[in-house]
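Below is one structure, written out as structure tokens; comments come after it.
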Amino acid sequence: MDMSKGKKILGFLSLLSLTILLLVAVDSLPKRGLPDAPAHQVINAAGNTGAGAYFIQSAYEDAATPNMVTVVLGDYRSFDTLGEVVVVFAAAIACYLILRRREDEEK
Amino acid sequence: MTNPSQSLIIKMVSRTLATFIQVFGIYVIIHGHYSPGGGFQGGALLAAGILLIRMTEGREESQPTLATAIATPLASLGAVIFAGLGVVILFFGGNYMDYGAVPVPGMEVPVVRYYGILIVEVGIGLAVMTGLVSIFDDMVRTNRQSGPDMGRGGMS
Amino acid sequence: MSAYETYFSTVPFWAMIVSAVAVPLILAFGRKPNLREAVTLIAAVIKFVLVLTLLPDALAGRAGEWVLFEIAEGIDFSLRADPFGVFFALIASGLWILTSCYSIGYMRGHAEKKQTRYFASFALSLSATIGIAFSANLLTFIVFYELLTLATYPLVVHSESKKAIAAGRQYLAYALSAGLLMVAGMAWVYMATGTLEFTPGGILEEGMVSASGMKFLFVLFLIGVGVKSGIMPLHSWLPNAMVAPTPVSALLHAVAVVKSGAFGVVRVVGFVFGPEVMATYGLNIILAVASGTTIILASLIALQQTNLKRRLAYSTVGHLSYIALGASLLTAEGFIGGMMHISTHATMKITLFFCAGAIFVHTHKSDIRELDGIGRAMPWTLGAFTIGSLGLVGLPPVNGFISKWFLVSGGIEAQMWPLVVVLLLSGLLNAAYFFPIVHRAFFREGEKRADGRSVWEGVGEASPWMVVPLTLTGAMSVFFCFFPDLPLRFFTIATRVTQDIMGGGLPL
Amino acid sequence: MSDLLEYVQDRYAYWAIVLLMIIGLYGMLFKNNLHKKVVGMIIFQNSMILLFVTAAFKWDATVPVRDPEIDVQVVENYLNPLPHTLMLTAIVVGVAIVGVAFALLIKIYDNYGTIEEDELLNKLESPSPEDDGDCDTNDTQRSSSPKGGSA
Amino acid sequence: MNHIPVLIPMVLLLASMFAVFGKRSQENYLPFLVALAGMGLSAVLSIIGMVHSVTEGPIHYHLGGWQPPMGIELILDPLSAFFCLMITLVAAVVLLHGEERVRIEVGDRIPAYYSSALMLVGGLTGIVLTGDLFNLYVFLEISSLASYALLATGRKPAAVSAFRYLILGTIGASLYLLGIGFLFMEVGSLNMTELAVMIPEVPVTAGIAAAAVLMVVGIGLKMALFPLHGWLPDAYTFASSPATTLVAPIGTKVAAYVLIRIFLFLFAIDFMKEGIQLTTIVGWMGAAGVVWGSVMAITQRDMKRMLAYSSVAQVGYIALGIGLANPLGLIGAVLHAFAHCFMKACLFMVQTNFLHRLGHYDIFRLDHRTRVAMPWTCAALAVASLSMIGLPPTIGFFSKWYLLLGCIEEGAWVFLAVLLLSTLLNAVYFFRVLEKVYLRSDGEAYDDHDEEADQATSSREVSAAMLYPTLVLAGSLLVLGFANAWIVTHFLQPMFPVW
Amino acid sequence: MNWVLEIFLDILLLTTAIVALQAKDLMTSAVATAAFGFTVALLFISMGAIDVGFTEAVVGAGIVGVFFVAAIYRTTRKTKD
């Protein structure tokens, strides 16, 4: 991140190319709010039940909980959530490791 | 933070407000099954309550609310509740985090899952609350001024 | 293409490992010089005897082989004592015994430091050399080849002077780059043929690689083995590496390192490419041009040198190319001549280096111009030197005559007249740079000191540790001229290997 | 003309997201102040979350909480809960990283007294002698003396 | 037995949670013991998993009992088991080695240090094992957070370099997440196995191509692939030695693993190779990184920085192998990742040992006295250097051998030339160190007095706890070199089914 | 789902983002960041992601803001850009 002029120009160019890439990519995405976009399919291209559709249909039967997000969070994808908790814990530990000082230094 | 307010009114208000925030936080955790919310949001609200007191009264004065020294171990405890639950399930023969595999007498599998999620949410709430408070405490700790309680000891 | 009948034998392995096993012992006895040197000598003798036991089978066309394990996917790490390997191993291990004796004399006489490291590296490089000789495939070959580079590096930088370190760097740079190119070439051969096994007559066949690819591949290999065998313009490390102690120059630069390079040339020509492919794609021309040029240029440069060891070094560069030249002829006589030159040059050149070392240790003279009249002070040493010179010129009754005879007749048979001219010319040049030394030594008066006495007065022979080996090698050179096949059957083996390479149908 | 309008209507949310991303990336890469870099990071992460939430969106669908009145078997009735869940996690990850970023920033300020990148680079290029020590260790003497160290 | 995929990361993460308990003092050995036990246990589990996956086929572990598209799946196949084994083994050895230095350099924050270390390793094993793209992101962030924290310990500038790493690492992870987003929107799944089936089914759009590009760029940032490597040298140089020793060998390798996963198991290799030619680009980036890293390493006098630049180069080799995208190249890439893991750990250990005993690791200040004082450390340095250069029979030679074979099969002559050239460059900067250590730098004649002085410099070798791990790793380089064919036939070839 | 509202929120989002990045006073930046977080939360909720919106409101406007202010207190408030 040495901000010499050449590098700055190079950075702007790469940012520009990223912008173009994203705009082109975004153009091919399914239209917003389309109910039959691949992400919402009941049967997906592989012939399996689509995850999103399955969650809507069976969350209540599987966990007796109306809030689907909670069920996905706490049950279907609880490993992600575990990771999330570990991330918070990791952040706490990181701040501890970075900032906490010895008692005698602080006196 | 470094200049805690001395005003009694602010203290009173913040204490009261913090209480309400925390009650709401607990509600959010418990009620996460039915409405938006859950462990993380609730935990963050609980943390917000404590941070409010921290900000109005200063870090040292508000230690009794949640001592820095036990915040990190408590965060770890929250995570252990979560991860430990999964490990416990292993002993019942289920896959990791398969709450339904735990045979609880008189409960349907979905209900067992319901309570499994609840336990998890509580674990998340605890971990998030203490984790955020711990981060905040580490941040506002000044380098040279100090109190006597700086991070002494864990839960040994 | 007669592949050898192989039988299981662990002897090649033991012959290879014995000096490596000696290394820890040498290091452990670092504080007890006598014990340390005894270990060296014992290892040398054991090694020679072990190699010798492989000789009868090799003569019978049987190769003892031990596949140790798979070293890379699809390639075994195996040692095989085929006739050519035994041939080279015999030379290397036989001369190690003599060099060890000589080293002891030299190191003690010169009061060198770090003798333990010296002897340890020496033993290790011998292991590597025998490993090179017995490698059954290219990958095993390269493992030992690189090991040899590393093991000889401490020897080159032995004195740790700035000059030595610079020479060491140059040596490493050349040898490592060469090894690398060879690895690349090997990888290519492996992808083309699916094997790296040395096979008499070659593993590459026509059409496996495109014509230009084949040439490029050959150049890769040529550079790979050419650096160690000093083919110009890859030779320049060799004279600089002469800063090493003389026994090192003697063994490594007359026997082990450069000969493993020359050995590699024959291996590559005869066992990887094969005469047919060489001839089809005109690869032998590349080799012939490179080696012919090297012979002439090296001889010319040698004429300019006044330092005795450097002159010998350039002479080595030239003579190594004789071997490559022999291989490039692609005739039976050529191969025999080349192979014989491996052995004959070894005895002759080691004699010369021993002499140079003895002179240096004893009188601290290394410049040719200072050697006037030394012959009278050190008659045995200089006598041996004369024999070696005669041999390198190619005159009877020294064994150099034998190999040169075959080379020339091979050249005539192949009708490669330029090469015949080169060989004859180089003989003259050899004479031109060796005979003045002999002349100075025997027929000129030495310098006079202030008091009118000769500088050589009171100077006798060097210690027997040095004189006896050099006399022996000198005697051997003469002996092998009359009995090239006795007692180690070099000639028979060379013939046998040639038949295998050429397809067995060639009359002699 | 109406085609164009429709096209814009379908895409403008994506464009806004891309714009936000680029703003965020610009902040992270080109801002001199470390605080601003963190701000850029927040913007960048939020735009990412916005993309996922947009992916979960369906016209005429309700929030992913089961309403007994609305049939769950008709998937079109509910928003896709999967991206929502993922983004909950992503938000938490984001705040954790922001926390650590601020912690590092404070540490940098403690060490160097500045959080402007150009000044920091100047100080890094001409290091003061104490930079070489291990600033957080309690035995600078030990590591600087060659004979030190415990057996 | 069936729970191994989840147990490997969970043992580490649980251990990291337990490691924070305990007094904040230098005499607190509890975190260290917990960490060691955790790493050891997960290493044992990895070995079992490795054997199991090779003999009885891969394990697909469904978390929570949910079938893959709904739940998260962990996959223990030979590839992931191999990387798990590598990570946990090296981490355990590094941990053992670093204990003494941690007490010195990290002081009283030992519990946090070991907790972070465990989280780093746990996160990395999680990345390796998971079969779900988003789960991978979560684990990526866990390990990244831990490595930011670890790399911020150490000298003063460490905080700055760690902050820079954080910014760039976050960009990388976010770009990866963006790629997932595009893929999810275009294809509709997060599960790798399912995606591999689905991607050929759906029409190739700009969105999918962009997803591939973004994921590669994001992972490339984490991996320090050549133009994206800016964070690495400073971060490794300024961090405390035990932290660098822990992060450097395993951190970038896991990113390389993710790249292999993306190339091989997510997108069809033909799509990557002929469709958008991303493999070629990655290969060229790797080749450029090899040259650049080697050249920069030559110009350094700080040994740690030299090793850091050499890491850039070595990552380039792996990328080059991946870029070849043929079985031999990939075997070379994986084997090189494996080899480099051991070599770099060993070299950083040597550097730590120098710091511990000499108080510096300035190459120009090393001399033959160093070798007299620390003969075994220097021997380890020599072996590891030879392996880095790629001389037989060390493992470093054989990984390059497979890369070479891959280059020739692909007809990639430029890559071949780069491999050869870089070996020479490696030789330059490693022999420079070896020359300093093994030869007398002053170039003066050696006399008796010096020999006595050398002997008087009695051995000041580091303690056994630091020495033996170094030697074990150095020895393993040779052992692995001899065993490489066994590794390749039994473990590496099952990873890459011929396509 | 009102797309006039959404465009308004989008514009607000961009404005707060730019303000947060360009403010010379870091406290302004902190407030703008919090506002940005809150706007994003509103946008989430307008798209029906109530859980995400809730979380973002707590985090983006609350926790991050608090962290930001804490960091400003520990460091400095002024900046050149």
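The letters A, B, C, D, E and F name the chains in turn, as written, and every chain counts its residues from 1.
In this section, a residue touches a chain if its C-beta (ideal position, glycine included) is under 8 Å from a C-beta of that chain, and two chains touch if they have at least 3 such contacts.
Keep in mind it's a predicted model, so treat the numbers as computed, not measured.
The minimum number of touch steps separating chain C from chain F is 3. Common neighbours of chain A and chain F, listed by label, are B, D.
Among the remaining chains, C is positioned farthest from chain B, on the basis of C-alpha centroids.
In terms of Cα centroid distance from the overall Cα mean, chain E ranks first. When the C-beta pairs in contact are tallied for C-E and for B-E, the bigger tally goes to C-E.
Between the Cα centres of chain B and chain D there is a gap of 23 Å.
With each centre defined as the average position of its C-alpha atoms, the distance from chain A to chain C rounds to 67 Å. Between chain B and chain C, the centres computed from C-alpha atoms are 78 Å apart.
Look at where the CA atoms of chain E average out and do the same for chain F: the two points lie 38 Å apart. Each of residues 13, 21, 25-26, 29, 32, 54-57, 59, 61, 63-65, 82-86, 88-89, 92-93, 95-97, 99-100, 102-107, 138 in chain D touches at least two other chains.
Among the residues of chain A, those in touch with two or more other chains are 1, 22, 26-27, 29, 37, 39-40, 51-52, 55, 66-67, 69-71, 73, 75, 77-81, 83-84, 86-91, 93-96, 98-100, 102. Multi-chain contact residues of chain B, defined as those touching 2 or more other chains: 34-36, 38, 40, 72, 76, 79, 83, 86, 96-97, 99, 128, 132, 135, 138-139, 143, 151-152.
For chain E in complex with chain A, the residues that touch the partner chain are 13, 16-17, 20, 63-64, 66-72, 106-109, 112-113, 115-116, 119, 122-123, 126, 134-135, 138-139, 141-142, 145-146, 148-150, 152-153, 159, 164, 182, 184-190, 194, 197-198, 201-202, 205-207, 209-211, 213-214, 230.
Across the complex, chain E meets chain B through its residues 3, 6, 10, 13-14, 17-18, 20-24, 28, 30, 61-65, 111.
Residues of chain F touching chain B in their complex: 50-51, 53-55, 58-59, 62-63, 66-67, 69-71, 73-74. Note for the complex: chain B touches chain F at residues 1-2, 36-38, 40-41, 44-45, 47-48, 51, 55, 132, 135-136, 139-140, 142. Residues 63, 65, 88, 92, 95, 99, 102-103, 106, 110 of chain D are the ones touching chain B in the complex.
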